[in-house]
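Just so it is clear, A, B, C and D label the chains in written order, and each chain counts residues from 1 on its own.
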Amino acid sequence: MTSTVSSAPAVRRGTAARHPYLAALTTTRARIGLVLVGAVVLAGLLAPLLSSHAPTAQSGRALVPPGTGGHLLGTDDLGRDLLSRLLYGIRTDLEVIALAVPIGALLGCAFALLAAVHPVLDTVVQRAFDLVLAFPGLILALAVTAILGPGRLPVIVVITLAEIPVFGRQLRAGILVQRERDYAVAARVGGTRRARLLIRHILPNCADPLVVQLAVSLTVAVFLEGAMSFLGVGVRPPEPTLGNSLSQALPYLSQAPYFAAGPLLIVTLLVLGLSLLSEALNRETRR
Amino acid sequence: RSAVSVAAGEGGARRGGSLTVGIHVDFTPALLFTQSDQALQQRLIYNTLIRYDEKLRPQPELARSWQYADDGRSITLKLRDDVTFHDGRAFTADDVIFAVENLRKPERSAQLASTARAVTGFQKRGEHELVLKLAHPVANLFDLFEFMIITDRHTLDDALKGRRLNGTGPFRFDRWRPGTGVRLSRNDRYWIPDRPYLDSVELRVYSHPDALLSALRSGQAQLSYGVSGKHLAPLKAAPNFRIKRYDTGSGAAYVGASVGTKPSDDKSFRQAVAWAVDRERVVQQALGGYGLPSAAPWPRSSPAHTEADRIHYTHDPGKARALLKSSGVSTRTRVPLGHPSQPLHTAIAEIVQYDLEQAGIRTELQPHDSATFQKKLISGTMPALWVNLHGFAQVHPATLAVSAYPFNEAKNTSGFRSKAYTDAVRAAWQQRDADGPAAHARYQRVSDQLLEEAFIIDLAIQDQVEVAAARLRGATLNKFSYLSLDHAYLA
Amino acid sequence: MTATTPASLEPALLEVRGLGVDFTAPDGSPVHGVRGVDLTLRRGETVAVVGESGSGKSTTALALMRMLPGNGRIVSGSVRLDRTDLTTLGEDELRTVRGARIGMIFQDPMTSLNPVLTIGRQLDEVLRAHAREHDAGHRDRRARRRRAQELLELVGIPDPARRLDDHPHQFSGGQRQRILIAMALANEPDVLIADEPTTALDATVQEQILQLLAELNEKTGTALLLITHNLGVVARSCDRVLVMYGGTVVEDGATADVLGSPRHPYSAGLLAAVPRLSSPSGTRLYGIPGSPPDLSLPVVGCAFAARCPSADAECGTVPPPLVADGGAADVRRVACHHPGGSGVTEVPRRVPSEVPVGAARTDTVDGGAPLLEATGLRKEFGRRARGGRRDPLVAVDGVDLRLDAGETLGIVGESGSGKSTLARILVHAHPADAGVLKLRGSDVTRPSRAALRALRQEVQMVFQDPYASLNPRMTAGRIIAEPLLARGGFEDRAARRRRVGELLTQVGLDPSAADRRPRAFSGGQRQRIGIARALAPEPSVLVCDEPVAALDVSVQAQIINLLTDLQRELGLALVFIAHDLAVVRQVSHRIAVMRHGRFVETGRADDLCDSPREPYTRALLAAAPEPVRVPAAA
Amino acid sequence: MGRYLLKRIPSALVVLVIASVVVFGILRLVPGDAATALAGPDASEESVAAIRRQLGLDQALAVQYVHWIGDLLRGDLGPSYAVGGEVADLIGEGFGATVELTLGALLLTIAIGLALGVLGATSRRRSVRGVVQALTTGALAVPPFVTGVLLVLVLAVGFAVLPSGGRVGLFEAPDLELQYLLLPALCLALPSAAVVGRYLKDSLQQAFSEDYIRTATAAGVSRRRLLWRHALPNALPPVVTLIGMQTGQLLGGAVLVEAIFAWPGLGQLAETGLTARDYPVVQDLLLLLVTVFVLVQLLTDVVHAWLDPRIRWE
């Protein structure tokens, strides 16, 4: 019997033991990102506690400047408290995005996995992705909203639709590379079945760009919601969202700049935080 | 060259110059014969037979004079004989006959089609005199004359495609560039001597309100009727702009009620709604202050307008609650409140929703894009309550009741029918146009019905607002929002 | 330390003193890549630097040209080129040295050429870079092109005028390496540093390149610093050799001396681990036990102490200086407290295998049908030629083979000859396009699902690249357990764990290794994991596709020994693929030589190596360099 | 190259055919039809029916589809329902504007992206890299409709150096047109430029870590040439693919920017067309956009192959 090799393994000290995502999250860049995103998310979650007014209550005093009459950020053109609209707006956005982006990502991944099963399916899925990508996003948004009627649903559907090919293509490309890798061949030779091979072996190895994409997609979703609201096809009134608060504020930009400042700041912080996060993840996983 | 200075247009001569009018909806040739959101070019390219003055008294245009038969069942028009179309062809009575017949066609979907259909026959007396036979006396006949543009009958197809618009108006049609707008240039052979002053007019599309506002503020456009009250604030302070309100208004915001649907089937409920809404707030917050709170549809210029009707319903949540209680309508379920998803409509709907809630009526907003909303309007499948704007109150009171669908006595969105209302409307319509106490009594009957039944609950008359560069003088609008620049010039 | 300057004839061209390089690890801690390296290079001299992977060879070379990656910096010492200290030069001055005074050739010809530029352009760029310092001739584009053509001709690329307009991917590996050499020589540097210039190439091509370098060295008088871990190459072409270990030089002297009678235990071990073509089949290799030092830790004492058979307390505490050894007139220096001591030279260099060659074979000939038998295997890959015509590439072209139980079949052949493709067909990773594959006499060419599952337990594979063949996202334990799960019978977690532990022990790893991810293992350890995975289904045939090609010689010896031991214990039949004939001969009973997808010669290992029949086999044999020239240590 | 293209064309055609069905289907799913939209709010059902008959909307869907495709193949786009005028004129007009805007934005995207990427990857000064990073993140973090409105407020209303919106036509007054184009193109380009810049930066950094750069450095090639002649050609091919995808984004994003800057492009036409349920306009327009996208993809592939010699011969 061969003797046991007892020497210490060539461990890269420190970071190697940790999962790369965790390592990424401890970089300064990511920490700032986490704090920004965390603050915004928390503000959304705690909206009922942080705001003293109902987001739809109309006080009758329109466009009062910040600090007047118990309105910390002032009121909007219909006399509603801007702070609570902002907080609840974050909430709505988060609900929409947190639903739509993961669904899109999951569906995209599911299609990519499906494509990996058979070349014919691959062609079908590929063409479907091409098709969705080929439709200009906002026109699609207009059409979907026209079909479904305004509300949350079309926003979710549009974001989901937009994300499917993004994730699908990325994963498909990853699978194509990974399944020719020796470890995949090795698993196959070891008797691992196709489904298991795809999901347990290959998928985790394709995950890095997807995780980065997730952060990117979240920012895209924030914009998409905003753009849809701007075109008047977003979430139903009187429910506030960041996007519709912003587009509602635009006419008053010179007259009441504080009106737009809140949502603009929040959108910027959120997107900034998410981009910092995605960048950190990207750097760390590419090492 | 700088695009900024070119657009601002230099020079201040009385004669000459170029005017850019900012419009928010592009010219739509398919709607040439319909009262639409954007009709500014109608009276620039074409003429109408008459023109109302401030008090709705008809003044001659292409028709020099007119003579009613005593029974009110025919009218004789004397037409101008010195008018030619842009292509040089002379204007004759045949062009008027063609115009009336054209408006009767359903596919033109002209709102005044019912009035046009009341014209049952024509009798030409020479090239420039015409007798119109009427089925019955028609009170709003002159609305038709004010509304009906006289187009060249030989090039109608081209006109409907937006390629060639041949009229008798002060400006020739140069070119329509979809999305950009319409270019017009001076008609040197216009029948008013030495008019117009301006060399050219451009109607330029700024579909987004912010874009329109920026165009005005940066001097790219000198005139607009499309700026909403909310957006006017930054212009109010600007010294180089003049903001003018027209008494006629440009439509009115209302809450409609489907009388076939619970709980709107209950008159007390509808009246409660009428009491619940704070009309002042609608004007201030949704219309930016440019409007008139009014429980009746009539603008100040209308002969049917009375102050008593205007304040028939005021903001009184207590009364609303009392009415609601007495009616015994259940307020447990949310009442659907439909509205088009444009910003203005949405803002009004939000106000209405909040105010109703204060009175104990909980509603749920149901936005629809405008085409869907329109389909629902026409097919009569509206929810119990809805918010929308209506027009046609600025002209003859009868026109509202026969041409505006929400008020139509025979068939309307609310599904409301009553003999009293029908009688009142017919009485007002099937008369010769007249002023005086008798006529006012007839209008009052209509108003009373409307206020009592409350199937259309008017909230506010939106002001027709003109925003013009201070150096622009003499631009006027007719009752159907046709822009007249006959005497306009840039100082 | 005082460099005892020898009675050298001319002053050193390049003189490195006390060079130290630190890297900053991602977590901020320093890694001492190179410590106190001394090196002297004279005009026209060829000096080799050898040492195992990670010993700091490349780092030294990069430091000479001040081309360390961003996280590395020179922390001590000087590099003098004709008395100018390169460590203090500015970027622009350095640029005039790079390429013009010192040329460099890198290891991997596949990635060292810019894939999107024609090689004409790349040569042009190099000439252009020094056009100003150089004669005016290189300023004009046409002159440069002429020169580029000359250079290609010099390094032996046929039809150079036409090929200047080709892109790198249109050249073979050997040709690319020649182009790199041409680029390094373009501005006639005084010193040429070649960092493992032939590791990625076949023996035959390697031979040509080394020949070329030797010729150039002779013709142009360029001093050559050759970094390699192939001792055969050193023996063949270098005047002096430097042995590095753990970032320092441990031995330095004339080639014949160092290779003939190594004085440092590490040099001795390294030499012993190299398989020799002349050793008969079944010879056991010597592997240096243990693994290289962790350079991020401060080193106390001798870096090699932990693995040294003759280490004592002093070795563990006092770092041995590099001092002249033996006091002879020639320069021979060793960094060891006990140079040449305690029987290092008597290390059991070759342990004859107990299994008599061919014994296994006789068994199965009696047993009837062979374990695995293939006839006429063929595999094509779709490919398009220039015009877009279909031009399939025949990777395996009618291969017949048989494998008996307990036997090892070695397959050698140059890169691209179809070895891996054949291996993959044998394990059913690819279907064959034609041919018949039989296992124990039954046809398994196109197995049904069920048959395939059964087959997967019989035939397993060990892969070439220990880095790529392990799923980086799984722990070693899960990787090994995967085939167990697929096979069934190990649904119980504890049972599975037990079995994984057994397997790990079997391949010489600690069972606790099961919880670590591949990243945390060294190359040799990873390859052991790969072997454990292959053993998990208890196969009867193990196909090893170049299992040691990516490993260091000393680790290579460990793995080969492990495989032969396992074969003996478990009665496995092995298919052992390699491109190094010497390695194959040690482990195989029979050898097949593969070329262009065919077996050109098959025979008993010793017979084939001692008396090859085919010219190609002979060429392969001739090309394999022996580490020690026949008259070892005169 | 020709063959390479030929191989891609069938799949592009398949996408187009499916797209036509999807486009047609989506529009019929949208509630409310052209006739009601056209008839106006005060129309009677009678006039709606008349309009419907006139437009041929009373026919079976399959018939309508076949008519549409048939006319399309004959090059006859027919009249618009709601806007009036020929669809070909409408789309032609808007298409010119949108293409101009998109191309302008594309050029800016490339220019800004290149600058950001190159500076970010190669500048030795920390401060420069920091500024690049900030610009990139900023351009990504502020929604384009806000950027647009702010740009107009500052540059057109505040300082009045550029027009706030509209278009004069490239051929009528090129010098003015460029001034009109600048703001919307910039607004449209910024996010894409940031994406491209960031990607190029990564790609360049990747290229700089490759062996061939080491080879060239060792040969004494200067930093400038290393960047422009060695690293960039390698970093570009994937960036070209990205730019191809971004072109799609630009086309899509044009809807928003066109609204802000009163740019008479397809976006506005699509919006009005959709609002008015103007089937021919929207159908043809969407199909056109899909075609453009598919063509851009083809073009990207060709450019990619052209930039990367390894693909060329495969």
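Observations, loosely collected:
Operating definition for what follows: a contact is a pair of C-beta atoms (placed from the backbone, for glycine too) under 8 Å apart; a residue touches a chain by one contact, two chains touch by 3 or more.
Everything numeric here is computed off the predicted structure, so don't read it as measured data.
Of the two chain pairs examined here, C-D and A-B, it is C-D that is joined by more C-beta pairs in contact.
Centre-to-centre spacing of chain C and chain D amounts to 51 Å, using the average Cα coordinate of each chain. Chain B has its Cα centroid 46 Å from the Cα centroid of chain A.
Spacing of chain B relative to chain C, judged by their CA centroids, is 88 angstrom.
With each centre defined as the average position of its C-alpha atoms, the distance from chain A to chain D rounds to 23 Å. Among the residues of chain B, those in touch with two or more other chains are 210, 369, 371-372. Touching of two or more other chains is recorded for no residue of chain C. Along chain A, residues 146, 149, 250, 254 each make contact with two or more other chains. Chain pairs that touch one another, listed by label: A-B, A-C, A-D, B-D, C-D. Those residues of chain B whose C-beta lies close enough to touch chain D in the complex are 1-4, 6-7, 26, 28-32, 34-36, 105-109, 111, 113, 160-163, 176-181, 204-208, 210-212, 214-215, 217-220, 369-379, 388, 390-392, 403-405, 411.
Within the complex, the chain D residues that touch chain A are 11, 14-15, 18-19, 22, 26-27, 29-31, 137, 140-146, 149-150, 153, 191, 202, 245, 248-249, 251-256, 259, 267, 270-271, 274, 286, 289-290, 293-294, 297.
By the touch criterion stated above, chain C contacts chain A in their complex at residues 25-27, 29, 289-292, 294, 296, 306, 424, 427-429, 453, 456-457, 459-461, 463-465, 468-474, 482-483, 485-487, 505-510, 513, 516, 519-522, 524-525, 528, 530, 533-534, 536-537, 558, 561-562, 565, 569.
Listing the residues of chain D that touch chain B in their complex gives 30-33, 36-51, 54, 79-86, 89-90, 93-94, 97, 149, 152-153, 156-157, 160-169, 173, 175-176, 179-180, 259-262, 264-265, 268-269, 271-272, 275-277. Across the complex, chain B meets chain A through its residues 209-210, 213, 230-231, 233-234, 278, 281, 284-286, 341-343, 346-347, 349-351, 353-354, 365-369, 371-372.
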